[in-house]
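Going in written order, the chains are labelled A, B and C, and every chain counts its residues from 1.
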Amino acid sequence: MNLIPFDLLTPLLVATLGALWSERAGVLNIALEGQMLAGALTAVLTVHFTGNLALSLIAALAFGALTGLLLAWGTLDLGADPFIAALGLNLFLPALVGWVSFSLFGNLGVIRLGAAPPVWFGVPVFFLVALGLTVATQALLFHTPWGLRLRAAGTSPALMASRGLGTKGLQRQALGLSGALGALGGAFLALTLGAFVPGISAGKGWIALVALYLGLRRPWPVLAACLVLAWTEQASNLLQSVRNLPSGLVLGLPSLLTVVVFVATSAAKKRFSPGTGRRLSRGRSRR
Amino acid sequence: MKPRSNPLTSGVGTLVALGLALILAVLLLAMLSPNPAGALRAFFWGPLSSGLAWGNLLNQGLLLTLTGLAASLAFGAGSFNLGGEGQTYTGGLAALAAALVLPVAWGPGGTLVALTAGIAAGMTLGGLSGWLKVRFDADEMITTFLLSASAVPLVDAVMTGPGIGAAESMLIQSRPAPEAFWLPGLLTPSNFHVGVLVALPLVVLFGILVNHTPWGYRLRLMGRNRDFARYAGISTGFYALVPLALSGGLHGLAGALGVLGTQHALVQGFSAGWGWNGIAVALIARTNPWAVVPAAFLLAFLDQASRTVVLQGQFPFQLSALFQAAILFFITARIVLPRFGDRRKA
Amino acid sequence: MVRIEGLTKTWPDNGVTACNAVDLEIRAGEVLALLGENGAGKSTLMGLLAGTIRADAGQVVLEGRVITPKDRVLDLGIALVPQHPQFSPDLTLWEHALVGDERALWLGPRARRRLIESLSATAAQWGFTLDWTLTGRQAGPLALQRATLTALFRRNPKVLILDEPTAALPGPEAEALLSAVAAWTKKEGTAVVFITHKLPEAMAWADRIAVMRSGKIEAVVTPAETSLEALGALLFPATATATVEPEEEPWVSPDPAAPVVFETRGTRADFTLRAGEVLGLTSLRGEGAEALEDELTGMSPLPEGCLHMDGRDVTHRDIADLRRLGLSYVPSDRLGRGSSPLSQLASNVIPYRVGQLARRGLLRRGSVRAYFHELKTRFGLAGEAGQRLVTLSGGNIQKLILAREMEHNPRVLILAEPSWGLDLEARRILYGLIRKSARQGTAVVLLTSEPLELFEVCTRIGALAGGRLRALKPTAEWTPESLGRVLLGLV
């Protein structure tokens, strides 16, 4: 049992950061699961054909950004419901991945790679990248004008309008970034494993959403939340080999915990009225 | 942040969207298949070509009817139920557990009890989210999703555990339910069975309830304008909780039917994607129970058709996912809420 | 410096012309007070000026340059501080101040400290202090208004528009603010327009005063040329003609022995209402009448005191209970609260009737339509049962809502801003309906920000100012000017 299960932690963290960017901009990205899968395949294919690791990451980022921009186009320009459009993307990408894999290799199975990913001083490089992204997210989102405007766009488009600013461009950027990070997470997943396996994302795109809310939508708490989730996954993997103890319990607990956290924060928010000075109360009734 | 779109596209818009998606599919088939004629024939005729095909089509259509009904009920009342998968899975577990525990002598009565257990399990999950919404103002879109996400691994754990887990098997699944409780199959060896037919009277029931009763009127008003509903004296708590509970219950029923009718055991992950399918059906049907049946069968047909095409080697990859994606995309791109002017005071 | 020429704006959904070919000049180095009662068009005019509203006709000329719809007015130098500014619950006040005007690439702790210092200095100039680390959710409306003022001020606007800047301020702070305003304009050669209804302030601090009524500028005077009385008369002229033709039927006084139906005690607006009475309550914007809407109908809890209906204490009851006890309510927000705009007309009129219309649990479409037609005939409604509500005009929507709320002879009827957006004919019908309702024994409360209409239809009129009821008298004992004076706080 590792203290920090890097291989489990890194993809999830990166994907969750992707979710964070989009959520902060006011457009939750539900398509992360599909984007992770697509990123995984893109990375593996690139390594397979070019042997270049860095290039594979860039390819994954690019493709992920493309899917994010596609989502943005549908949502912002065509007026589609962001949730439904993302759902559609989530259905489409795995099919596309399956098709590409089949066309190129004649089967839907595993694509194996040669080398193992690089490690520096006992810490996988990928993890360091993820850590760097966490720092960057914190910095960009909370300490730059761009991040400020993004957060303003996500919480009050009216505020932006009153300052003469639009929100579409920022949301588009957020979705593109979100898709890129989701794909990068998938790339890390596949490259660490050393292969592309159908369904490799295994619900991590959805877990990322859990991690987002458990991590209170801020980068460092998100890191902590992803760590907790990685521990539980690790624990459940270990338990599965022991087979007396129900590993599912361990896996289900973080989501339950997140529900509690989410409900608690909702209840707390309910008590504060928005700043118009009028209370939101529904009027009490005695029955 | 919340995508609170109103699923009120115009009827024409929906048809256009479906038409576009179909045209796209046909084009793809024609262009990419090694044998376009064969592909098209497999596509349109395949699902109807044999008893087995019919059976699977009917089974899937009716199951989608159930989940579509579930999603429509929640949607129509202004709530989002994203927990369909977990509710279905838990319903399946509850039904199986009941089947394993009840005395075999109960026969069909036992089946009914097991089905009820499935409904109750789903209702509990859905109702819990409803309660959290009323009591804590917690967004049900997220709580249904999270509760479902926690339920799935928990069910996985329980179903492989002592007393329930299968001794040895290729798939990860539970012990089979006693044969006395199985729902008789139809058009064997397809997935079709008697149980799913219950979807039809349920459609009628909810069709009448939602469209022709005071209760349904209030429910639909909640979906159209919650502030108005509250102003008019409608109990917003009741109409937030009950639709979610009912929605969960229907999903649970679908799960129970899947277990007792088709697989006769709880198979891991059998409910994957069932929630999203239901939502897609609800969108096409614009949350009207009457329209759920044609919408469900349309999607079922498309799914079976694309499966046939792939199985027969006439097309390299899964079309059905593309369809659903295209349909969803086109449909929501049509959603434009009517603008009713600036509501400003001078 | 700024010339407003012929600005016109008619709201499409109710046909009201909020601004009618308005001409106004705003000079550099001056403080211009814009007075007028609600509905006069002041906010619309300022919205047009600040670019938040699109004009139908006319133009704004800033320092010789015509402003086009594409221009970002804020960048050109016109800034509007609304009374209730837009805000984000999660961002802090200093972040609010920055949005759009960040002036730095990196907003680290040092930059934040420097920024807060500079913001506090500006705020001190205006006579207040703020905790800039509060989030939008935590800050009250006053803090938000002040934060927005500071933020926009940092952009060195040429014209600063302040909407009711002193509405929530006690005397000394209001003075501090206004004197800072005056000093700034003189020093920088900028201009400030402030919307207010506090006449003494206008007299004390403005260089010129513009009075607006019914979409037009009635007069522009300097304080020297006028007096409080004269301004009061301009706003509430004695010769204000009735807005509608007088009813043919004589106005029947209510029976003084009629039972008390609705009563408030210990609140900021105490009254006792009998069956058949029509009580009008009015105030200028922000002076207390609007909040009554939610408090008297069970939509919000009563902050103090108690409410009785037919002798029963209903202080803690919500709207559902009050309706069951016989209350009806026509809200000011017709589309957001008073109807379901996307639903059919028939669906919009039956919420209280669904139980009765159902036979053996089923709601038949035929009975619903029949009921709609019945109402249509009785009240002269427009449209077909199957039509969507949004397709109707604003006036017709209001008629439908009135019909729905009145048709079953409620014990108490509360109307909030019922005649807003209605033309003369529709108003005539409205007042006729109210009178008829009163004759049939309903106790009516009419909340409005158009004080003059109360003379049409009310038996008693209550005037609120500063959040409390100041005077409550039979209509015959009021005149438009005396009412105006109480509302303006001159009495």
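Rule of thumb we're sticking to: a contact is a pair of C-beta atoms (placed from the backbone, for glycine too) under 8 Å apart; a residue touches a chain by one contact, two chains touch by 3 or more.
Fair warning: this is a prediction, and the values are worked out from it, not measured in the lab.
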*What topology does the chain touch graph have (line, ring, star, complete, other)?*
complete
*Could you quickly compare A-C and A-B and let me know which has more C-beta contacts?*
A-B
*asked:* Using mean CA coordinates as chain centres, what's the gap between chain B and chain C in Å?
replied: 47
*Using mean CA coordinates as chain centres, what's the chain A-chain C distance in Å?*
45
*asked:* Nearest whole angstrom, what separates the Cα centre of chain A from the Cα centre of chain B?
replied: 26
*For chain B, jot down the residues that touch at least 2 other chains.*
230
*Provide the list of chain A residues touching at least two other chains, using ranges where the numbers run on.*
269, 282
*For chain C, write out the residues touching at least two other chains, lowest number first.*
299, 319-320
_chain B partner contacts - residues on chain C that touch it in the complex_ = 11-13, 16, 18, 38-41, 43-44, 53, 299, 319-320, 323-324, 329, 331-333, 335-343, 347, 350-352, 354-355, 357-358, 361-365, 390, 417, 420
*Of all residues in chain A, which touch chain B in the complex?*
23, 26-28, 74, 78-85, 87-92, 94-96, 98-99, 102-103, 154, 206-207, 209-210, 213, 236, 246-249, 251-256, 258-259, 262-263, 266-267, 269-270, 282
*Under the touch definition given earlier, write down the residues of chain B that touch chain C in their complex.*
6, 8, 208, 212-214, 216-218, 220-221, 224-225, 227-228, 230-235, 338, 340-346
*Where on chain A does chain C make contact in their complex?*
142-145, 148-149, 151-152, 155-156, 158-165, 269, 272, 274-279, 281-286
*Using the touch definition up top, name the residues of chain B that touch chain A in the complex.*
1, 3, 5, 132, 136-139, 142-143, 145-147, 149-158, 160-161, 230, 236, 276, 279-280, 283, 316-319, 321-322, 324-329, 331-333, 335-336
